[in-house]
Structures are given as C-alpha cells and as structure tokens.
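One structure follows; several queries about it will come next.
Chain lettering (A, B, C and D) follows the sequence in which the chains are written, and residue indices restart at 1 in each chain.
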Amino acid sequence: MMTGQEYKDSLRKRNIKVYIKGKLLKSNEVIDHPFIRGHVNAAALTYDLANDPMYEDLMTVTSHLTGKKINRFTHIHQSVDDLVKKVKMLRMISQKTGTCYQRCVGFDAMNATYSVTYEMDKKLGTNYHERFKEFLLHVQDTDIMVAGAMTDPKGDRSLRPSQQADPDLFVHVVSKDDKGIIIRGAKAHMTGMVNSHEMLIMPTMGMKKEDKDYAVCCAVPVDAPGIIHIFGRQTNDDRKCEGDIDQGNAKYGIVGGECLTVLEDVFVPWNSVFMCGETEFSGALVERFACYHRQNYGGCKGGVSDVVIGASAVMADYSGYSKAGHIKEKINEMIHMAETLYACSIACSAEGKPTASGAYFVDPLLANVSKHNVTKLIYDIDRLAQDIAGGIVATMPSESDLNDPEIGKYIRKYLKGVSSVPAEDRMKIARLIENMTGGTALVESMHGAGSPQAQKVMYSKLSNLEHKKLCALNIAGIGTEEKEDKKVD
Amino acid sequence: MMTGQEYKDSLRKRNIKVYIKGKLLKSNEVIDHPFIRGHVNAAALTYDLANDPMYEDLMTVTSHLTGKKINRFTHIHQSVDDLVKKVKMLRMISQKTGTCYQRCVGFDAMNATYSVTYEMDKKLGTNYHERFKEFLLHVQDTDIMVAGAMTDPKGDRSLRPSQQADPDLFVHVVSKDDKGIIIRGAKAHMTGMVNSHEMLIMPTMGMKKEDKDYAVCCAVPVDAPGIIHIFGRQTNDDRKCEGDIDQGNAKYGIVGGECLTVLEDVFVPWNSVFMCGETEFSGALVERFACYHRQNYGGCKGGVSDVVIGASAVMADYSGYSKAGHIKEKINEMIHMAETLYACSIACSAEGKPTASGAYFVDPLLANVSKHNVTKLIYDIDRLAQDIAGGIVATMPSESDLNDPEIGKYIRKYLKGVSSVPAEDRMKIARLIENMTGGTALVESMHGAGSPQAQKVMYSKLSNLEHKKLCALNIAGIGTEEKEDKKVD
Amino acid sequence: MMTGQEYKDSLRKRNIKVYIKGKLLKSNEVIDHPFIRGHVNAAALTYDLANDPMYEDLMTVTSHLTGKKINRFTHIHQSVDDLVKKVKMLRMISQKTGTCYQRCVGFDAMNATYSVTYEMDKKLGTNYHERFKEFLLHVQDTDIMVAGAMTDPKGDRSLRPSQQADPDLFVHVVSKDDKGIIIRGAKAHMTGMVNSHEMLIMPTMGMKKEDKDYAVCCAVPVDAPGIIHIFGRQTNDDRKCEGDIDQGNAKYGIVGGECLTVLEDVFVPWNSVFMCGETEFSGALVERFACYHRQNYGGCKGGVSDVVIGASAVMADYSGYSKAGHIKEKINEMIHMAETLYACSIACSAEGKPTASGAYFVDPLLANVSKHNVTKLIYDIDRLAQDIAGGIVATMPSESDLNDPEIGKYIRKYLKGVSSVPAEDRMKIARLIENMTGGTALVESMHGAGSPQAQKVMYSKLSNLEHKKLCALNIAGIGTEEKEDKKVD
Amino acid sequence: MMTGQEYKDSLRKRNIKVYIKGKLLKSNEVIDHPFIRGHVNAAALTYDLANDPMYEDLMTVTSHLTGKKINRFTHIHQSVDDLVKKVKMLRMISQKTGTCYQRCVGFDAMNATYSVTYEMDKKLGTNYHERFKEFLLHVQDTDIMVAGAMTDPKGDRSLRPSQQADPDLFVHVVSKDDKGIIIRGAKAHMTGMVNSHEMLIMPTMGMKKEDKDYAVCCAVPVDAPGIIHIFGRQTNDDRKCEGDIDQGNAKYGIVGGECLTVLEDVFVPWNSVFMCGETEFSGALVERFACYHRQNYGGCKGGVSDVVIGASAVMADYSGYSKAGHIKEKINEMIHMAETLYACSIACSAEGKPTASGAYFVDPLLANVSKHNVTKLIYDIDRLAQDIAGGIVATMPSESDLNDPEIGKYIRKYLKGVSSVPAEDRMKIARLIENMTGGTALVESMHGAGSPQAQKVMYSKLSNLEHKKLCALNIAGIGTEEKEDKKVD
C-alpha cells in the first residue's frame, strides 16, 4: 500500500495533458496547481489513513484474490460487513476532509465491472472477467488510483447515442483489430481524473442494439496518447491562488475537481477491454455502478454534513447565540437530516446480497433512496447552516484586508463576535461554511451519482407496486384470495 | 405457541372491566364489541402467522432461556439479526393488516426491562432481573400477550410528578408491605390493553429523587382487582356498528384500540415488581423502551404505507388516470418516503449492539431518527394518497345508499370510474384510503412512541456535537492539533 | 335580506328529496337531521351577520342592478374593493364557524356566469346575459341561497364526456323543445346543496365540439322533479347523533355537507338556461368560476386556520406547555402559513380587473396560487396542531364516559391538564382539534375548487414563460436586442 | 432626474475611500473596479428606466413636497397605489438585472425616518421631522442615491450595545457640541454604499435607556472624513477580472456589492441628525424600516426568480429535455413559488395604511410573511434550477478554454446540447444559473432585511393570538359569550 507521499510522487511520473483556463500544465506539476492541489491532498489522505493503525479496520482489508492486506478502495466487497464498512470509512474520511476524496468512483466502477463481467461471461461465453481480474490484481498490487468514467456529454438528451448529429457525443468504438480497439468521445464531470493513474470507462446508460458501438467498458491510463483533460471551474476557484483563509478549506478544496476528458482516438489493447458491443449487459453495468455509487452518499455527505453542523455550532459559539432556542432546534434538525442520510446508506449495505460472482451488492432500491435523499436534504442542511452563520458569509472582507497594515485593525475589531475569540478564527469558520454550502458543493449533491430523476424512475422498477396493490385489495376485501397474498412478498 | 383462535379463547376467560361510551361490557364479550373486534383480529394474526411455515423465519425464534421455539413477540433479541428480523416482521404483518397489531409494545417493554434490571442488579445488588426472567419464562411458555404501559396522564406538563396538585396523575406506589405493593394512578393511550393478558408497567420518564414513589416497574394482569379500562374513541368508530364497506378496513380496524387504564389501589406481589424506587435507573428504562419502540416505526409504518401506496395506485387504475405523469411522480415520491422510513429502522437495527445482559439493543440515535421521520413523512404520504384518491374520499355516500333498492342504482352508476370495475370496488378502495389517512391514523404516527420533540431532544444527547465542532476546527485550521482529532470519532 | 331564521323557515317549504344512509328524509325536516343541522347553522350565519350592524361593511353591499342594499353573497363584484372585501368577509365568518358556510359556491357561480354570458352574447348574438340578469335580480330580491353545481362524476378520467361507456357520467341535454331542455346526469361533491333553494349548473370542463350536449349552464330549483340528493358521509358523522362534546363543533359541523345530486331527466325552461351547446365558451365559464372560487381559499381557510391555531394555543395553555420554546416556534410557523394563504387571496383580489361586462375578475394566476398553497399548507398547519395537541386527540374517551356516574370521576381526574381548568374544557378543545384536522376537513382543502394538479397546469398557461426566457437571454447576452425586452412585460 | 450616465459621473466626483482586497482604490475610479462595476450598472438602470417613457408610471411619481416629477426611489409613499407600484417596479427591474440594484435600502430608510420623526416630534416636541424634510427635498431635487445604513457588527449577540467589551461594536455618539455630533462604530453588509452619495444611518435595534448613545439616526455623505469602506467578497468575484461568460451576469453582477463601512469619529452637523438619544423611538424606526424593506422581497426576488425560471427553461430547451414531464412539473412548481412570494408583497402593500405623517405604511404582519417566505422558497426555487440545469453548472470548463486555439474545438463540440444551439450559448445560460443560484445570492435571500428568526418573532407580536384563542373557545362552547367575540377582530 502506498503512502500519501508515494501516491503524489507516482502522479508526477505521468505524462498527462491537463488544461486549466486555457493553459496546458506541465505534466509533472499538475498536482501542484492551486486548483488541483487540494483534491490531491484529499485523495492522498485515503492512502495515509490506510497506513494509520487507528483506522486499519475501516481502511484496509484482505484481498480475496491474493490474501494480502490491501487498501479498501481497491477491494471487491466480499460480505455485508464490507459494504457497511465502506459507508463508515467514507463518513470518517469526510469528517477529516470536509469534501470529496474522489477515490470511491473507481472503487465502485471496479466492483460493478467485476460482477457484471462474471455474469456476461457465463451467459455469452466471453472472457472479460478473467481479463478484469488481471487488471484488478494490478490495481491491488500497485495501489494505484482508478477514476471511474461513466458520464458522456450526451448532446441532445431527447436522442439516443446513434441518433445524435455528432456521433462522438457518447464514447464509442471507432475501429478494432486484433490488438485492440480505438475509442473516441469524451467523458464529462470526471471526478479525481487528473490525479488518478487509470480510468475505467463504462457506458453512460443501457444501450440498445443500434447503439452497439457505444457499449464499451475498458481501462485506460489517464495519460494515454490522445487524451486531454480540461479542468472545470469551481466556485471561488481563483481564491486558491491567494492566501488560505478565503478558500475556506485550503487543504482539501471543494468537491472532486471535475474535468472534461477528451478521448481523441485512443487505443486500448484487448486485455484492457471488458465489454465491447454486448449491449444487453450495458444496462446492468450502469445500474450496478449507479447503485454502488448511490450507496456512498449517506456516508460521505453524512460526514460532510457533520463538518457543516460542527462549523455552524462553532459559528454560534463565536457569535454569542449558541444558547438561543431556535439555534438549538436548527442544529438538532440538521443532525436529524444528516443521520437520515447515513441511515439509508447503512440500510442498503446491511441489506446487501452476494452476486453470482461472489461479490456483494447493495440493496438497489435502498441505495437509490439513499442518494435521492441527498439531493434534497443537503440543500436543507446547508440552508440552515447559512441561516445560523449569518449574512457575514456573503459580505465578509478578504484575508488581504485582514492583513493590511492600514485597515487590518478594523477587520479585527469589527468582525469579532464574543470577545474571547479572535476575529480571524471567526472569519475562518465563516469561510469554511461559505465553502461547504455554496454552488459547486450543492450541485454535486444534486447530480453526483445521477440526477434525482434517475433515482426516482428506479422506484417503479425496483419497488413491487403490484404487491402493494394486492395488499390493499386484500384488506379492502376486493376479489382476491388471501392465499395469493402469501405468494408475493 | 397459541393460534389466533386459542388467543381469542383465552381472552374470554379474563374477568376484565372495559367501558365503552359509558357502558360496562360483559367480561367474556369484550372482544366481540364492534369497536374492539378488529384490533383483536389484528393481534390474532401475530399468533396465526407464527404457525404458518411460510413465515416461520420471521415470526418464530429459539428462546435463549429454554431453547424452545417461541413466537418472536416474546423473545429477547440475541443478535443483530434478531433486531433486523423484528423490523421485517413488522413490515410484513402491516402489509396484511394495514394497521397496528399492538403486540410490539409489550415486546419492547420486556426487552427494555430485561437489560435494565440486569444492570440495576449489578449496580445496586437488587434481585429484579431473576424475578423478571421468571415472568418472561411464563410469557414465553404461555404465549400470552403483554401490554406495555408507560404513558401517564401527566396533568400539568410544566410540573414534575410530585409537584402535581393531584399526586395520582402519575402512577405511584401508595404503600408496600412484605407481600407486595399497592399502586395508584392511570396509564393513558394504552395500545392493545383490552385484548392483552398482562400489562408491564413502566415509569413515564426519568424520575428524580423527590419522585421516588413514581419509579415503579411491575407486571399486573389486565383484570386484576382495582383496574378499569375506558376505551377511547377513534375516527369513525360508530361505523363499525354498521356494514363493512364504510369501515374501510372492516377486519382489522384502525390503529391500536387505545384505552385509559385506571389503577385504583392495585396490589402487586413482590415477584412481579421489577423496579421500586430506584430513580437512577428510571431514565434508562424509559430511554431503552423508547428506542426499541421507535425502531419499529419504519417497519410497521413502512408496511402501512405500502398498503396506502397500493390503494392509491388501485384508485388511479379504477378512475382511469394511472398513466398520468403527475400520478406516477406522486406514487414514486410515496415509495421514496416509505423506503426512507424503512431504511432508518433497518439501519438502527443493523447497528445494534449487545448490552451487559447479552440482550441486543438498537442504535439509539438512529432509532430516534427512524421514529422522527414518521412524524412528518406519513403525513406527506397520506396527503399524496388523498391527492391521488380525489374528493370522493370525503363526500362518498354510504354503504346503505349502495344497498338501497331505490337509489342504489344511482350509486352504482355514478360512482363508477373505468367501466370495467364495479362502483362497489371503487368505493371499497376509497373507504380504505379514508380509513388509513384520517385522524386517528395520523395522530398515532405523530405521538406513538413519543412525540416528535421527544425525539428531537435526544439528538443533542446522542449525537457527539463536540466531535463535529472539532472536525470543523481542524479543517478550518483553528487552534487544534490534528492528532487530537484521531482520539474522537 | 333574510335573517337566519327566515332562511331556515324558507328551506322547510321546499319539496326536496334527500337520502341519508339509505333513508329518504321528510322534506320539511331535512334541515333538522343531525348530519345536516350544523351546515344549515353555518349558512344561516351568512344571513344573520348581514343583519348585524357591526359587519355591515363586509356583509352587505349596494346592488348595481337595483341600488338596493343586498347580502354580499348575492352581489356581482363591481370593484377591487368588492373582491378584497369578499376575502375579508370569508375569513371573518370562518373565524366564527370554524368550518364551511357553503354560500360562496353559488356566489362564485353567479359572478362567473354573469361575465361569460355577457361575452358570449357579444360574440354569438345570443341572449343569455339578459336572462341571467333576471335570475340574478330574483336572487338578490329574495336573498335565496344558490348552490354552484359544477363537478360531474366523470367516470373514466382518461375519456372525454362523449367517449364514456355511460353517456350520463357528465350532465347533458337529452332533449329540447320550445319550452326548454331536459337534462340528465349527476353532480358530485355538491356543497350546501341540500340547504339551498336553487342550483346553478355549469359544465365541469372545457368542452370540445363533439361534447356539445355537455356544454350546458342553467338554474334549477333544488327540489325540481327528477332530482334526488344523496348525502355523503363525513368523518365522525355518526357522533352528530349523540351529545355535543364528541362532535368537536356541534353547532357548525365539518366542511360543507356534500351530496351527490342525481338529475334524472329534469326539465329546465329556456329562461333559466344560460348556455346550451356553446362549447367555445364552456372553458371560459369553468375557468372563471374556478378562479373566483380559488380566490376564496386563503380567506376561508385563513379563518379556519385561525381557529386551529387558537385551539392549539388553548390546548397548550390547558396542558401546561405553552411556554416551551418549540411550542411557540410551532405556533409562529402556523401563523406564518395561515397569513401566507391569506396574503395570496388578498393579492389576487387587489390585482383584480374589470371584465367586459363591468364585473370585476380576480388575477387568475394569483388565484390559482392561492388555492394551490392551501392544498399543502393546511396539511402542515394541521400536522402542527396535532403535534401540539398530543395523542389525546386520538385516544380520548367519550362524552358518555365523562357523564357516566361510575367512571366520570376518572375522566375528570385523569384528563385534566393544569389544575385550574376542568377536564371537560380540555376535552372540548381536543375534540375541536380532532374535528378540524381530520379526514373530511383535509380532503376538502385538497380537492375543493379543483385538485392541486388543476392549479398546477394553469401556471404554464397563465404565466408568461416566454417572457421569462427572454429576460434570461438578455442578461446572459444571448442573441437578443435589449430593445426587444421592453416590448414584453 | 439624473440619467444613468449622469449618476455615474456624479459618483466620480466623490472623495470616497474604498478598499478591495487590501488595496485602496482611486476615488474617481471606484466605480470602474471590476468588483463594483456591475453593481453600478444595476443602480444606473434605476436612473435610466425613470427616463424611459415606457416605464414612467412605475418609475416616476409626483413629489408631495414639491409637486415635481421625481424618481420613485426618492418618494414618500402617499397611497396604497404607491406601495403596490413599488413592488411592481422592483419586480420589473429585477427581470432586467437578474440581481439587486440596491436603491431600495435608502428608499425604505427615508420612508421610515419620515413617519417616525413626525411621531417623535409630536410626542417629544423635537424638531427632527422638519430637518428630515429638508434632507428629503435635497434628495428629490438632486436625485442622489442614498444608502440605508442599519446593521451594526453587533459583536457578542448575547450582550446589548452598552454591555459589549468594545463599545464601538454598535455605532454610537461619542461627543456632541452645538455644531453637531461625533459618531463612531461601523455598519456591516452595506448594500450599494460604495456607489451612493449619502448614507442614512439608523440604529440596528430597539435601544433601552442604558443604550442612549446608540439611538442615533443621521445622514452623512459616504465620503465624509473618517469614513472607510471595505468591500466584501462575493462568490466568484475574481472572475469579474476575466472575460464575460464565466461571470454569468457580466453586466450587473451578483446581489448588492456589500461593504463594511467604518465610521472613525465622523462629524455630523445637527441639521443632518434625525434622532439622538430618543431610545423610545428607536424600536419604531427599526421596525418601520424593516417592514418597508421586507415588503420588497416578493417583488425583487419575484423578478429574480423569473430570470432563474426563464434560464432553467432555456437550459432545458438547449439540452433537449424541455418536453419531459418532470421538467414541466418542476418549472410549474418554481412559478408557483415565485408567484407566492410576489403575492405576499402585493398583499402587504394593498393592505397598507396611512401613518400620522400621511406617509403610507405596509401591513407589518404581511410584510414579515413576505420576507420570511423568501428565506425558504428561494432556496427551493434555486434547488430546482440546479436540478434542471444539470451537473454542468458545477464542472464546466472556462471561457479561456472555449477561446483556446488548441482545445476550444472540444468545448464547442462536447458542451453542445441540441445541435441547433452553439455550445457558447449553452455555456452562457449555465453560467447565469450558476451565478444566480450560488452562495452570495442565496445568503442574501436568507439574511437581507433581517434573518428569518427576526421575522418569526414578529408573528407573536403582530398576530392577535388572543383573538384566535377566543374564536376557538367560542366554537368549542367554552365559557365565553358570543357577544364578546364581536368586540375583537
């Protein structure tokens, strides 16, 4: 297992092409760019904590392939306990970073690909699962970071991939030979991509036969020829080029550091290809990844909410109103919501079941419920945080003002709350709240792991509405035998 | 294990005093009264299902005391699996009854008393736990139904028990001798009491030293001398004296059939006394019972919601609008909420831990979250059900109109929805929705297992706010060492 | 203007056929039936208050037809002030009745018919408006109560009137001659019908050409040959046959006393026909009525909410927790919602405009907003009322128990809250809250004046979305000239 | 009346001290700073629109002092119509700017001071009202912009002004002589201050006798000696130093451009002092200003919401999902909320009443309701906007990437939605949504015109809870005579 430092060192060796605000970064300095540095620190923590005996139980696990101790982020879940510990691990790390550490995406992509390739091979006689196990062994051995790459740009959302005016709006196979395949397209909103080693590409939705070329799953190094990453803007990203305070979370940044990854005729050798045209399994792969990923949100956002709640409580302490009844009510309400999020993630894990491959899968209905709650409750939690924190979050002078020899004294004088706490500390907490309740953070809670409608439509599919109707008919005494009821559950 | 019929027969043998609307019922006919009959049927189902091989795994379990197969409702939880199965059992039964079957109250009271008496004896050298085990053995052997009896009338809520103008507003010990104790007072909102065999009395809140006489826990037959039960009114209870349709749920009724139980100087022998003046353990007993009971609500109300959702979907089918987009959205939203409730109950169970006695206890924070969500989401689910069902729920003519030779034809003609479904069936579903979304059912979701504020105040107690503050301070870089963070979790 | 007593006397003279629970009532005793009595009392108050000098300004107005002083409920709005005073009148009466007094339905129907017949005549050269003015004069002169009759049973909601298996599921003209027309069908959810003198029948929705026979508007005496009224069940209606307390609101009842009115080949002379086949104006009539009626809901439900809020505050006083912070927060939240409802009704009135006929019409967009808020906020207000009131609302013994010589003492002892208030008063308030927050009352808030979706679909129609898009495009600097913006508003 | 250009020119003549990020700006270039420019443009629009005949009715009015035509922003409301037109004017301007134009603060401050000084003089025999009229005449004649200055830094919120460790945490009089007074302290969150001419200082809350020195109201030029303005940071402020697209709203910016205004021993001549020690009127002044200011929020935020709704609809068009049912539902829901906000502002205006001074005042209860709804519904509207807009809002590459010769082609290719719309336009709309739903904009909706709790506490004061209780008691038939009810209303 790598340490955080080793992880960073390994990233410098890549020959990656990353653009930020129209500038191409030097390959070995990508991780030092102020826009990227924090995300790297957050991901590095997933390495360091795995080497910390205090967190051994959550952060490490024994590989079912090799019997060696590995970082949990490279593991294939072998039990309900693994699923539950994943959630607890995520909450714990979030409490330390206050933001995304990105590594769950590849983790979930690997778990999804593992079981689906197994089932695909069983049904179709293909050989993808063995190939994938080789890839997995490599990941576990080297402890590299894998970016999960699912979301395509999608173009006109009313059209399927093959109907688009531009065929590249979804990643697709443009040619293949006996050595491998050439793919083209782009992946959007790529979390942690610029500080990963490999990406695991998956289709963005269930494909129909006419979209055969779009049913592709494969692993590619992030610095393979033909790949360009264009880093996205985050809320207040320019502040990262200044001092620390105004960033709010100078060490770990905001959310996941997403980029648009362009794949311009990228070659992938066959041993890294795990699906190529098997449209009938594309939906299963998407759904499995989505459920694993939706499982996370009550864990990581639960932890992030803990920080928001803590920061709100500190702000109330610093401002002298922590004893007000309505403040306590609001903090309790925030706790209620954070624990509701967490409970759903625990539940979908506790209700997990083994797949044919032996890998454990979450309860898909409850996993969707878990993420869906995040799309609403995080907004409510953050609204209450802004309520408690006060208008200062939106109008506070800058760190430069604080440090100015002429006017710094006014900042220190007038931004003070209770007299025992320096204004600087109050400013730091206000900036942290600003950082965590703002634009990028909210949007990520909405759309990460799929937009709310993506969860909502799963309910009709995953919940047995016919059984519910039968229950009602039985109780109302309408035309059914009670015995029938026993058959369903 | 008794069957439902044996359970009913056994109830007839009691010498119980029950008043309904100012009339004393004949003791052996109590369970035949239209107001009570449905509740008895619901409770009887907990007996019949235990004898049904299909539900053996959920409904029965091996006693840790005797090794015999027992009805789960008499069991002391020995594992996380027991806690989880309790929730699943509750949801399953609710799907069949659409309402409360009451037996969980005594179940939870016994589990709470079991572990608290153990701890009390350890600390104080008393002998309550052994006494209680004897009582428990009796319950398991005879499969009797035990009513949990916690809530006192409380009088002036701003005063403690010993401060009330009338000392009887909380149940208390009025005298004791070497044979036993005499208690006086009343218990309010007593679910399932009139169709139980024994009641397990507990204090209604943590008592201080000056309220010593009020710290009393004991078992008493429901027909002991000095006990009078006054049955409460439910929404539309008079309809139970008419035909079936207008009741909505003619077989199982509405909620739990609560009564006010008056204890007028009731004698309790020492071997049935499990706490008598040990104020320091009264709070623990209340809290433990409350958490076990709050655990249930995502199970039973999840199942009840399944029926409401199913009934709404049937009503949409019968009325011809089940394909409308907004109807589907609303049904999906109802499913989302029902599963959120369920997930919280599963989570607090999955996170359960053993107590010193070996009995398993739920995660108390998540158990409170579970119930708290019910106090809001059931209202939202029922609102959507009324939205989907239409105004007919509030203005529908009676069953007698349907059956009238003169005007029945108009009912059959004009209350029809889609032409393939008889108006009578549509009426039955409308009445079921009316039954399930109305007054008593809603209020029970609000106040059963404690009012919402009772859950909310637990958050400050059970959630580690100081840790959350520390997380925020660490990330904001304010005056703490990271090392410290590791100490807390 | 009639007094309440004269109103009641006049009702006894009708030869009306009303069925309740399968029994035909004696025509002159209809208003004495316990199920109906309260509704009559509420409607009678609209007569008595008009004779009370204290309320002269709100309750009476000068007829624009005759210059005589009339009851406002028979008036055609002649100004914004009339529209605003209507809302204030409704809130004031609701504060006295705590429930529906039904007379606004005919009031709104007359205002809608007045302006639409005017426009129809202008366009089509018909003579409906003069006919209608004659009818109106009669209503103003005699101060009779008119029931608005819009909602048809509708059958299969996915089919239009003429597509139904049974053509009678919407009221339609079955034949006509030079004397008049014969209509058949039924009207559902008829508020105040059984205690009105006339009904004003309107189509239930905009009709297309193929539904020509269904585009009919006319006035008919409620006791015309061929008419049968079947009274609907309300929550706890049977309690009205017992004592006072358990009714909650013994004087005025619950909501509007709805019935199903069957029209079995009813003859209507031409001078009472105000639309007959003019499908192109059917939609306008429906919409105009709907908007007038939706205007009301922030008025009457604002007043009803005042009573619910007051009752909750009294219950808190009586129980000893009115000083608790969370109780105050909840009451303030209830006030916030009640005033939001009221504000919307005031706003749609203040923004009213004259129609071509001179009658004033509300702002239709804001009128829809007004009703739509009721479909959600009344549920929230009532939920908080049940929260504050406590479980007693759902489990309280009966009035007969209170009056029983044996057990009455226990009721008086144990249902007491603070020692200074008799248990009986606390019971009365609990029953009032039960009455007002229960089934029928909630459902009426949902579906009265149209279900929520009926309001929601109006937003796309009434709100200028294209203008909103243009605003956004201008600010974003996309392809539009600023000058264009000025053209729209 | 000035034009926008004249307004800007006049600002250049000030000798104002403004700091941004630790740098003192050149006095005559303050309005050119990228952080400030947009706010100036927005305020300038209030001048230009007043000169546009199309908006004459909303934007201009006849002065009651001089009979001259003036900009409405300098007017004292003389009728309900004035109050209503204020709201309509605000919504109209917001639809053009998509953000705050700041001028209402001084407008409201002047209206509040006008009527309170009148009442103060009547009661205390002071001469403040005449002084204030002189000031007002000057404002109306010169059409200058006045900043309302109420909020003090407040320090420890659990302490009153005179109890603070530092006496300057609230603005106070440090000395006075026959020429005038010297004041010290600071005003926080000062909207539009750096582009105003004068500020009108008011106390931040009702003062008690011991806080006499803090009860001060006066007018001061923004560039008076001793005044320093420290400009606050806004979300994404640094983007204003780059190109246009990434700003979202390059012309008008975000919210109000707030600053911290330090008053370091500033001299104010007596003729500009309108309160000095009259603590008993400080509360009235605060409340009156607060109500006028809360009135606005349904107007300006209604207009801002129109832009957000329009932008969301455009984004749906551009992405190809504007026909999806759930998208339409969400847009209708947003419209519902925006109109609810607007309705409350219209209602509190329509219910306005004259004060003793003749100036019209809004209904204070409904004005609080208006603002309070904003603190919740704007969050819900913006959440739905982010839902509709998609994750692109949080991860979109920069304008520099779009313009880059190497990678611009990828941006244009992959950020396209429907093929007929250039990616650049879709980016512009996404950035506008990002701008309007982000941090600063949300926080301003929460805390502008007072935090939500400030509104909530007004409900108990302004709503007649005793009357509501009486209504409930009357209906429940508890111990009151109906006659009494008539006395209250």
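By our rule, a residue touches a chain if its C-beta (ideal position, glycine included) is under 8 Å from a C-beta of that chain, and two chains touch if they have at least 3 such contacts.
Note that the structure is a prediction, hence the values are computed from the model and not measured.
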Note = Taking each chain's centre as the mean of its CA atoms, the one lying farthest from the centre of subunit A is chain C
Task = Note whether the interface between subunit A and subunit D is symmetric in residue numbering, meaning over half of all numbers used appear on both sides, and answer same or different.
result = same
Note = The distance between the C-alpha centres of subunit A and subunit D, rounded to whole Å, is 38
Inquiry  = Taking the mean of the CA coordinates per chain, how far is subunit A from subunit C in Å?
reply    = 51
Message = At least two partner chains per residue is the criterion; list those residues in subunit D.
response = 326, 329, 456
Message = Applying the document's contact rule, which stretches of subunit B touch subunit D when the two form their complex?
response = 325-326, 329
Remark   = subunit A partner, complex, touching residues on subunit D are 19-24, 151, 153, 155-159, 164-166, 168-169, 186, 188-189, 228, 230-236, 238-239, 246, 255, 258-260, 262, 319-321, 323-324, 326, 375-376, 379, 383, 386-387, 390-398, 400-401, 403-404, 406-407, 410-411, 413-419, 434, 437-440, 442-444, 446-448, 451-453, 456
Key: Residues of subunit B touching subunit A in the complex   = 52, 54, 84, 92, 95-98, 244, 248-252, 306-311, 313-314, 317, 328-329, 331-333, 335-336, 339-340, 342-344, 346-351, 365-366, 369-370, 372-373, 425, 428-429, 431-432, 455-457, 459-460, 463, 465, 467-479, 485-486, 489
